[in-house]
Structures are given as structure tokens and as C-alpha cells.
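Scrolling down, you'll hit the structures one after another.
Note that chain A is present in both complexes that follow, paired respectively with chain B and with chain C.
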Partner chain A sequence: MSAHGYEAALHGITGVRGVRGAMVVTGADGLVVAESLMEGIKGTAVAALAASLATRLGRAMEAGGVGSDVFWHLQAERGALLVVPARSGMLIVAVADPGVNAGLVRLELLRAAESVA
Partner chain B sequence: MADDIKLLSAQLAQDPHSLVFVRLGELLRQKRQFDLAQRVATNGLERHPHLADAHDLLARIQADRHDYEHAFDEWDMTLRIAPRHTGALKGLAFLYFKVGDLAQAESHLREAKKIDPDDPAVDQALAMVRGGVPAGERPSTEVVPVSPEVAEPIPEERVFAGLEGAQEGLLLLDAAGQVLGGALRSADGRDATQAVAAYLAGVSQEAGRTAKLLGLGGWVGLSAEGPRGNVHLTPPTNDALLLVVRDRSVPMGRLAVIAQRASLIARRWLEQQA
Partner chain C sequence: MKGGARAVEAWTLEPLTTFVHEAGVRLVLLMTPAGQVLAQSGFARAVDVMSAAALGAAIFASTTEMARQLGEPPFAGLAHQGEKHGVFLALVTTARGPVVVLAVYDLAATSLGLVQLFFEQLATDLRGASPKGSEQKQVLAADFERELTDSLNSLFGR
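Moving on to the complex of A and B:
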């Protein structure tokens, strides 16, 4: 898939009200493959942190016997990070406002993950 | 350059065995994104451990980070793989020059000049070395002492007494990953408490760091779905972490409610221990 193809996969996510941006990130390295972010969001930082957190969380979940994560949602005081790993090893990442419809973002992330798998 | 990085990142994502990681790492190094550059180089080396250019790339990144000892090792490895690698010869000359060993620096540069007589950078470096300007900056070998103190686990087994799943799906940890209360069993009945606790300390720190660096404020919770269960993490205090695990029949929203209740109990218990 081309970089444009990856960017197209993000349109559904960024269309959800309260989503500040979305990215496709390599899970192993935390590199940005495609991004659609509002001004002020540091894509490279989001990518690196999301990948690092995904790796650590994945290890903990495997050790706990619940298997690799299929969706995770970090809730913070002023926003949220929502992530779905694709089968290819890439991560589909959304940065959102605290009150975002997380269920809807989850669906769009899963859809995007299918298209980049 | 940013477009090139995205393009190469996409190529590498599609084919993790591709050698484009060398160019990608070099571009990231030039942009001074050293963490990323080093990760790309290290991951690439895991797949191509005998690629001289990859060792040379990692050495240049480490030299840029003033990690001269590791840079030396990597350039040394480069030359073992490819004895005529001029990048490594110049790199080692640079390191010898940095520590004031001008004879070794000149020897490596002369070797590089034999291989590539038209490289103007070698001529410039030779002129500098023969001018005898020692850099004098030695790599630091200071080692941070590790404290022998280890947090003692608090001998209290009934933090969550009365709560559903207290001994199979609730876990309270301190910041170092030491179990304070509760226990965790996997679906096959295996005790997973210690293994999960060890990994969760890193998750907690990374969640806090992620939220803070992204300007999202303090983190309040982390929910995750797995194929065989759902988990919810929350910090009842700044120095503790609570994990709730349930099978997939418990929806994420309900899991968050269970976690909030357990978090309240854990906070009270921690205050009593203080």
C-alpha cells in the first residue's frame, strides 16, 4: 500500500467529532507511515510513545493469558489515545478529546486496521 | 527530507527485511532524531547482523550522541566485517583524535586514503590531525551506582477482601512492580501474578509519560481488549497501579466501574498503610 493509501485509511477516523488526529505507525519502530493531525500535535512523539506503550502492554497481556491486545484506550485528564494494532504489525492511532465517542472511534480504527492489514 | 522519511518508513513497514533501513536511519540521524534513528539501526541489525553499513550507521548515531565507547565497538565490528570500509576507518580516526591519540588517528586516516585517495574529507582530517589539535574530550565512564535497597512487599493479603475476583483478577502493585495485594490467574488456572506485575511497572511509567508528553495531563485509566479477556489499569495513587482482568463477557464499560470501585478500596488501604 502507498503512503496515500494509508492516509486514505485515516479519513474515517478523523471524521469522528472530537478526534484531533490519526496516524499509521510501525509497531516495531514507532515510525510514522501516514498521519492526519491537527496543528500542534507532534506526530513523531505520538508514534514513538504509542509504539512503546503498545509493546509493553502487549507483553503484560500475553503474560496474563488474555492474548495480544486488539484495542486499547489510554484515558487522560485532557484527552485520550486510542490504538488498534493491524495484522501487518502497524498501529492505527487516534488522538482525541476526553469526551470523544470511544466506541465510534474504535469501530473506525478497526476498519482502518482491516484496510492496511 | 520528511517525505523521504515517510516513504522509506512505508517501504520498511511493507518489507521489514528491506535494506532501506540504512538510508532511513541515516536520514533520521541527519534530522537529529537519534532515538528513532538508533531504533531503526538496531532493528535492522537484528535482521542483518553482518551488514557493515548497518554497524557503521549505528556507530555514527552513537558518536553523535557522544556515546563514544559503543561507537568504537560498532566501527570496530564494521572493520571486522569489511576491512576496507572507509566510513569506519574515518570514524575510528575521529574517536582516536577525540581522546588525543593522534598517531592512531593518523594511521586510520592514511589507511582510508589508500582505499579512497580522492575523498576530500580524509585530506581535511589528515591536515587537522597533523596540525596536532587534540580534542581532549574523553568519553565518560562514570557508572551510576545501583541502590541495593529493594522495596519490601507489604504483608497484607486482603486488600480486596469481599470484592469479586480478589484472588484471580485483581492486582495492586507499587511503582516498582512489587505486588501489594490481589492475584491473577490466567484462563488455564496458571498463576500469572508475578509475570504480569513485572511487565506492568513499565506500562504504568509509559502511560504516564505518554499522557504527559502529549499534553493530555495525568493518565486516569487504560483499557485494553484481548482475544481472551479485557483489562483495565488505573493508578489509585501516584505510586501504585491497579489491574482488573475479566473474561470477554464483562464489557469494557462495566470493567471500568469494577476498577473504580477497587481503586477506591485500594486507595483507602494504601492510606492506612502510610
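Moving on to the complex of A and C:
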């Protein structure tokens, strides 16, 4: 997939009302592959920390015998982080407002994950 | 190779300790581009520090020359990933002079993204902590062995 293809995969996510940005991140390295973020969001920091969290969550799920993660949603006071791992090992990450329609964001994240897989 | 953080230049110690803790790196060397060691973390033997400093300085010199031939300023950072470990080499400009940071990390414990992220903080901390108006003095060949011995004594508490 080309760099343009990765960016195109994010359009559906950023089109959801309340989404502040979306990224494609390498799961193993925590590096940004493509991003579409509002000003003020530090993409490199979100990517590195989300990938680190994904690795640890993956280990916890493996240890718990519940299989691999397909979607996670971290709700915070002033926003939310929603992540879907793609089959290729990439992570599709969305940063959103606290009241975002999480179901719709999840759907778009899964679509993007399918297209980058 | 395992040990705590030790510094020849005391101002580097706190930024280095924070970086090691935050980034989860295994080995770190702070040195001048010529390979003169300022601080280390994780190394247990002087010979390992000497080897890493010499190799790090050589890599830095090679990439700087490559950049020069491309008509570019020196590369900001260099990352090399192996099967189990990664190596990250980057330059920080401080009031005391340029400082080369060599970090080795375990891929199971951290990632390149995290190392790069906390390296930015290390660079800010080193710039903030460096003594102003005191450019690093060049080590003359005649003083080299004494300087090296003094540095290693400081780094390994002998």
C-alpha cells in the first residue's frame, strides 16, 4: 500500500463528528505511518504510548487466555482513545471527544484496519 | 552488562537517569562526537564502555560524512533494529557542546517510538542542565590516556 493509501484509510474516521484525529501506527515500533490530526495533538507521543499499551494489553489478554484484542476504547475525562489492531500488525488509532459516537468510530476503525491489512 | 547510571560530568546524571527510567532502555552512553564518555548507564565493565564509545563515535562520524556528501546537515538520529535489541544514536546540542547519545534497548521491553519520544525529553533536560558558557575542552593526544583513565574511574567508582 502507498503512503497515500494509508492516508486515505483515515478519511472515514476523521469524518465522524467528535473525532480529533486518526493515525496508522506500527504496532511493534510505535512509529507513525500516516496521520490526520487536529493541531495540538502530538502524534509521535500518542503513537509511541498507544503501541506500548497495545503490546502490554496483548500480553495480558494472552495470559488470560481470551485471545487477541480486536478493539479497545479508553475513556478519559476530556477525551477518548479508540484503537483497532490490523492483521498486518499496524494499529489504527483515533483520538476523540468524550461524547463521540464510539460505535461509529469503531466501525470506521475496523474498515480502515481491513484496508491496511 | 548491568549497572546503574554513573557520570563523569555530573550535570548529565539526572537527565540520563530519567531517560533510562522512562524509556526503559538497557544501556545508554552519553559522549562527545570524539568518543569521550560523559556518562553511562547499564554497563558493568569499562571495556564495554570503551568499545561502545569507540563504535558509537565511528558510526556518528560515518553518518555525518554521508550527510555532508549529500549536502545535508548531520542526521538527527539513527536507528538500527535487530532481532531482540535495537540501537538508537542521536545528537544533542548543549551549551557544553554536542553530546552523542547511544541507547540500546530490548524490543520486548520498549520500542523505537518510546525511545524517540523520551529522547526528545532527554535533549530538553540536557540543554537545561548543561553549564552555560563552558564549551567542552578538546582532549589532546598527550592527555588522552590520563583523561580516559580518569573517566573510567569516575564511571566505575575506582
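Note that in this section the second predicted complex is superposed on the first by the 117 of 117 C-alpha atoms of A that agree within 3 Å, B and C clash if a C-alpha of one lies under 4 Å from a C-alpha of the other, contacts with A are read in each partner's own complex, and residues count from 1 in each chain.
Quick note on the criterion: a contact is a pair of C-beta atoms (placed from the backbone, for glycine too) under 8 Å apart; a residue touches a chain by one contact, two chains touch by 3 or more.
Here the structure is a predicted model, which means the values were calculated and not measured.
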Clash or fit: chain B and chain C on chain A? clash
Quick check for you: in the superposed arrangement, does A:M61 touch first (chain B), second (chain C), both or neither? first
On chain A, which partner's contacts cover more residues, chain B's or chain C's? B
Which superposed partner A:A48 touches (first chain B, second chain C, both, neither): both
Once the structures are superposed on A, label A:M38 by its partner contacts, choosing first (chain B), second (chain C), both or neither. neither
Thinking of the overlay built on chain A, is A:F71 touched by chain B (first), by chain C (second), by both, or by neither? first
Determine, under the contact definition given at the top, whether A:G30 touches first (chain B), second (chain C), both, or neither. both
Touched partner set for A:Y6, first chain B, second chain C, both or neither: first
A:A117 contacts which: chain B (first), chain C (second), both, neither? neither
Intersection of the chain A residues that touch chain B with those that touch chain C: 26, 28-31, 44-45, 48-49, 52
Residues of chain B touching chain A in their complex? 5-7, 9-10, 12-14, 16, 24, 33, 35-36, 39-40, 43, 184, 186-188, 190, 192, 195-196, 198-200, 202-203, 206-207, 209-211, 213-231, 245, 252
Residues of chain A touching chain C in the complex: 25-26, 28-31, 44-45, 47-49, 51-52, 55
Chain A-touching residues of chain C, taken from the complex the two chains share: 81, 107, 110-114, 116-117
Chain A residues within the chain B interface of the complex: 1-3, 6, 26, 28-34, 41-42, 44-46, 48-50, 52-53, 56-57, 59-61, 63-81, 88-90, 95
